[in-house]
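Dropping a structure here in structure tokens format, bear with me for questions.
Each chain carries a letter (A, B, C, D and E) given by its place in the written order, and its residues are counted from 1.
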Amino acid sequence: TDEPVAAGTPAPEHSVEVDSAAAAALPAKYKDAGAINVAADMPNPPMEMLDKNNNPTGLDYDLSQAMGGKLGVKFNFQQQAFDTAIPSLQAGKHDIIFAGMNDTAERQKVLNFVDYFHAGFKILVNASNPEGIGSIIDLCGKPVAVQKATVQVEYLVSFAQKCSDAGKPPIELVQLPTELDAQTAVRSGKAVADVVDASVAAYAAATAGDGKLFELVKDPEFPNGYNPVYTGIGLLKENQDLTEALHLALQSLIEDGTYTRLMEKYDLADFAVTEAGVNNGGK
Amino acid sequence: MNPVLESPSPVRTDEIRRPLVQAQGVRKSYGPIQVLKGIDLQVDAGQVMCLLGPSGSGKSTFLRCINHLERIDGGRINFDGELIGYAQRNGKLHEMKPREVARQRRGIGMVFQRFNLFPHLTALENIIAAPIGIRKVPKAQAVAQAHALLEQVGLGDKAGLHPAKLSGGQQQRVAIARALAMEPKLMLFDEPTSALDPELVGDVLDVMQKLAASGMTMIVVTHEIGFARNVADEVVFMDAGIVVESGAPAKVLGNPSHERTRAFLENVI
Amino acid sequence: MNPVLESPSPVRTDEIRRPLVQAQGVRKSYGPIQVLKGIDLQVDAGQVMCLLGPSGSGKSTFLRCINHLERIDGGRINFDGELIGYAQRNGKLHEMKPREVARQRRGIGMVFQRFNLFPHLTALENIIAAPIGIRKVPKAQAVAQAHALLEQVGLGDKAGLHPAKLSGGQQQRVAIARALAMEPKLMLFDEPTSALDPELVGDVLDVMQKLAASGMTMIVVTHEIGFARNVADEVVFMDAGIVVESGAPAKVLGNPSHERTRAFLENVI
Amino acid sequence: MAGNSTALRQPAPAQPEAGEPGAHDIVAVPLRHPGRWVLASLILLVLLGVATSLWRNPNIDHPTIAKYLFSDRIVAGAVLTVALTILTMVLSTILGIVLALMRLSANPVLNSVAWLYVWIFRGTPLLVQIVFWGYLGLLYKQLSLGVPFTEFTVFTVDTNALIPAFVAGVIALTTNQAAYTAEIVRAGMLSVDQGQKEACYSLGMTPLFTLFKVELPQAMRVIIPPMGNETISMLKDTALLSLIAVAELYTVAARISSQNLHQVELLIVVSIWYLALTSILSVPQYYLERHYGRGSRTLGPTPIGRAVALANRVRRSK
Amino acid sequence: MAGNSTALRQPAPAQPEAGEPGAHDIVAVPLRHPGRWVLASLILLVLLGVATSLWRNPNIDHPTIAKYLFSDRIVAGAVLTVALTILTMVLSTILGIVLALMRLSANPVLNSVAWLYVWIFRGTPLLVQIVFWGYLGLLYKQLSLGVPFTEFTVFTVDTNALIPAFVAGVIALTTNQAAYTAEIVRAGMLSVDQGQKEACYSLGMTPLFTLFKVELPQAMRVIIPPMGNETISMLKDTALLSLIAVAELYTVAARISSQNLHQVELLIVVSIWYLALTSILSVPQYYLERHYGRGSRTLGPTPIGRAVALANRVRRSK
């Protein structure tokens, strides 16, 4: 099907009770406004998508609505280009970024993260794996498409040593503006593989061309993907109070089982965290 | 309506002998080159003055100074009782605003050697542009007046044509009609026939002659000695930025007192 | 070097009385309007022919047919023994390639009423452009020739000026020099003086007269009766696309046999 | 190819009834340009080949194209694109004309200001300008009107409230485009003969009237083709507004494709739309050019007239 | 402001030694344009205000700007940008001139082919064209030269081997830009007087020689300003090549900023570079304009001359 959308479930926040501790931690500013403005770059399946009626859906959306239930405020999910998400926080347009953003040491110089997701990345190749890619070492000396400015880039660059140890030239990185460009590059033969977040890779393998275009490389050594990293809700460092409130709300969702239900709903249970953390990434 | 060419204009009947243009010691330089070196001239209402002189003597420059297309460096030019281009307040000259200068120029029509019709407008549109846009004449009235003027210059059937489709003589006649449509008190002609084929010159001179006969005040730079002889009240011969001699046509053209004038006339005729 | 104006050209001495241009029954229409209705004319090498006629009679069109700027619909034009614009093979006419037409035109210089100098080039560059680019004359030689030609038309000191800085008469003389630089066998002049101020006409006519005296074959459309009388070997009067009468200047200009010619001459002189 | 056939004749020459009946009629064999016809045939073949092979390409999913071509979101995006284009082109043209006049004015202050404007707005990337306007709030949380370098302010307003994304987008595109338009208008004005202005002044016209009645209409002939270029560019530059979340055609398509992963098909949908919009735009351009070309040279036939003539010619050559 | 001071005088009028010594010299009080001066002062104040407040803005980290402005990667990106711009502008101008001539030719085939080309390449977004050329391999795994619709092929080559990213980028930018250039050149050619061509032909010049020696040089006056626009646009359009992983200036900056999160600072770095490159470009444009403007109207002073004059004027008014 062409619109592979997990049809918008009835907004989950109704099934969630307000958590008084979390709500108490919420700064008055947001209580008064009754809403928190969320920057998200939609669609970025499966984390954020749009349903048939053009309403947001996806893990991040559902999770945000559930947190809204816990905190007793609305989470306004708004479109915001990923590249300009941080300036948008700085400009005061949005309060938090809920866009599948990875929690890295570099970003922690500016942002706090409330981590809700832990996954590595996987290798996506053309259907029937014509190049016979089995693991990252097979990519040495070959062109590999990646979305620019992602953690994968750094990881693959740092892989050069292992390539040369194996007597191979380093991986040729083809950095492209969007994940979709990377997939197109693989289809066109400009690159042999697309290295991308596990969740996205799984979605593409299942969806693109009715699931006939790509396949996931199964590396038995790394069932959760390579170099697992945390993904979190991003917000400005100075916003400590809100960080704490979000942390409490997420923890409450994990404890009452809502979190697990949502992770299962999107087939992402493998990547669940056991407890809500702050700035776990880059450690 | 503006039956300019048909009946004597109010100018001649009411205000005969009133000076309309007065130039005193007009000087003008382009950088280091002094083109006008003190010109004194007077043209009375209803008079026709012909300016003659060799190329570069400053005839065009003088004409352009009269309607302030060029700024003079010294001297004074009065038109219809007003200083051109400047207002005198507390004994000081003040530059006029463009809007004011435009108002003064409305009293002065000018016909250029190269016609300068508006190529994107038809003959009719060329004529009505300024009356409608500037004098705020109602459109219907402006069109009727324009048709009458075109009829008078012998181009009644060319109203809808663009300048590119008209011969030089026809273009020049449209240019005259265009200037007349603003009902000026003074008409300046800068060699209006010198860009025309000899056969077409007659048509334009005819129109000018009728215009003169109707009482229009005119200053005409021309090399058409016949025209000057027949039509001018006064002929002025200029050379190198000064007036060499002036007077009745019979005198200046028939029996010039200066050697320079004589030499020039031999060349042109 | 091309001392065209100074000494008789080889044409006159070697090939006197050889027909250089022959037009037979030349017809040309623009859409429904027939402009040339069968023109028969012959110009011998070294001859000067003047074309006269009212506006719209087809003089310019005929001139432009001679160097194939216009295509004729019927008849034949021969220049220097070749059909202009067409090649005859197996009894059939074949259009010539642009390159071939260009070669033919090199033998024919043309001077336009509106000069058509290249405004982006100086006088000198206007003259040397075609010799260097087309005739492949070495640059130094072309420049020397151009200076000589400018000298001959009285503009030795204007070589470095752009056309906009030259008077009309000077521009027209540069145009003549430009055409001469291609060392043509025939010169076509289309009312070369009618866009000039009367004072400047003389300069250009002088140059043309010298050129005629040097033996250049010329076809000149002009209203300058004096020039035609003094210089032409034959005067042709055209009207409405046909040749009304032709013959020696004294005959056609002094004692025309046709009413139409007489009427026209009265108008022009 | 028909063009190489010897049967191809020129249109019939002078009617025989006019003038001498035609023993000497010029019925020339027209110059052949076999090279041109070969080239043209080659180009057409290549185009045809590319078109069919594109159409048949297994990597392109036609039902997807059909499905999205007129889908509500795409149409809404296209409408927004057109609205943005019209709005910004109108506003920027006005601003551009003002800037051009400032550059041409004798007043050194106006001149320098206009020069500076063009320098800055042409010199920095549109993307940066869009980010600047879109995130003005990043730099200035509040905009206040007051006397600079003093504490006195007339009013203060929250930047993000004052400048929503759409407005920021329009401002960014308009101010940027105006700089380019100013250059084009300036070139156009320079192409108008100086005598025209003098004629106007001698008729007592004011400078402003002269400008609008005489100078600009004549400059138009030179201005229109590059402005056509600019308008068509603008149609597509609106896509850059995706950075500040304005959902015009391209952004909508990009969003759809990033969910359904049919990037190529949605690019084709977008291309079809842009091609259609461009074609629609070029009709007024063509007739505007003819309109302002009046009186400056003889007008050729319209493309329709030309197509008919070509058809006739080909038919006759059979 | 100096401009409002009554002491401001016009340059000294006619030298007294020439002509009658000047009892009647025109020493007029020049027309005041207080509005203009107020406007200009306002604009300058605002610009100054914006510049200083931008500079002082706490959200902008100056050391970062300084650090990256001349960093190796940025400089390498800028060099690539310039190289791409020069290469594509040269190639596209050649192609554009050919297309313009085809559009102006009487030959209906050439005419239509050129029209089609301009239609397609102006009509589809540059982004799509870049994707098309960049991912040609998606549509055609192999390119073969052969007779269409038959099995006969001369050679076959792997698309991705034939067209690396850089080449694809150059092709995409060149073919796209040529369509725009063609329109500009066409407009320029139309502005050349018909009599010029006739004069050339009457001198025996060939059409091609006429074109290069007479028509194009005169068209230049009208062509240069919009081509300046196009060149400056191209400088920035090269950024779109990030789609196919060509690392020019903008892409490099975007990569750096997405890592260190100093978006604003790197946008400023990029803007400074573009502004510098644009300024450098506008110098040849200015002198080219003057060069091709020769003979068509009197040339004003150069900006340097103008600045000196303004300075003198202001000094005198003190």
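Here is the rule we use: a contact is a pair of C-beta atoms (placed from the backbone, for glycine too) under 8 Å apart; a residue touches a chain by one contact, two chains touch by 3 or more.
Here is each chain with its UniProt name: B, C = Polar amino acid transport system ATP-binding protein; D, E = Polar amino acid transport system permease protein.
Small disclaimer: the values here were computed from a predicted structure and weren't measured.
Colleague: Work out which chains are contact partners of both subunit B and subunit E.
Modeller: Expected: C, D.
Colleague: Can you give me the shortest step count from subunit A to subunit C, moving only between touching chains?
Modeller: 2
Colleague: Name whichever of B-D and A-E has more C-beta pairs touching across its two chains.
Modeller: By the number of C-beta pairs in contact, the winner is B-D.
Colleague: Among the chains, which is located farthest from subunit B on the basis of C-alpha centroids?
Modeller: A
Colleague: CA centre of subunit A versus CA centre of subunit B: separation in Å?
Modeller: Distance between chain centres, rounded to whole Å: 82 Å.
Colleague: Just how far, in Å, is the C-alpha centre of subunit E from the one of subunit D?
Modeller: Averaging C-alpha atoms per chain gives centres 16 Å apart.
Colleague: Please tell me the distance, in whole Å, between the geometric centres of subunit C and subunit D computed from their C-alpha atoms.
Modeller: Distance between chain centres, rounded to whole Å: 46 Å.
Colleague: Where the centres are mean C-alpha positions, what is the separation of subunit A from subunit D, in Å?
Modeller: 41
Colleague: By the touch rule stated above, which residues of subunit B touch at least two different other chains?
Modeller: Residues: none.
Colleague: So which bits of subunit D are touching at least two other chains?
Modeller: Residue numbers touching two or more other chains: 59, 131, 138-139, 263-264, 297.
Colleague: Spell out, as numbers or ranges, the residues of subunit A touching 2 or more other chains.
Modeller: Residues 83-84, 87, 90, 181, 184, 187 of subunit A each touch two or more of the other chains.
Colleague: What pairs of chains are touching here?
Modeller: A-D, A-E, B-C, B-D, B-E, C-D, C-E, D-E
Colleague: If you look only at subunit C, which of its residues touch subunit E in the complex?
Modeller: 67, 69, 98-99, 102-110, 112, 114, 116-121, 129-130, 133-134, 162-165, 178-179, 182, 188
Colleague: Contact residues on subunit D for subunit E in the complex?
Modeller: Per the stated touch rule, the residues are 3, 33, 36-37, 39-40, 43-49, 53-54, 57, 59-60, 107-113, 115-116, 119-120, 122-128, 131, 138-140, 148-149, 180, 183-184, 186-187, 190-191, 194, 221-222, 224-226, 228-230, 232-233, 236, 239, 250, 263-264, 267, 270-271, 274-275, 278-279, 282, 293, 297, 303, 306, 309-310, 313.
Colleague: So in the complex, the part of subunit D that touches subunit B is made up of which residues?
Modeller: 193, 195-196, 198-207, 209, 213-214, 217-218, 292, 294-297
Colleague: Which residues of subunit E touch subunit A once you look at their complex with the stated criterion?
Modeller: Touch residues, subunit E against subunit A: 59, 131, 134-139, 141, 159-160, 165, 242-245, 247, 251, 254-255, 258-261, 263-264.
Colleague: Would you mind writing out the residues of subunit D in touch with subunit C in their complex?
Modeller: It is residues 13-15, 18-20, 22, 24-31 of subunit D that touch subunit C.
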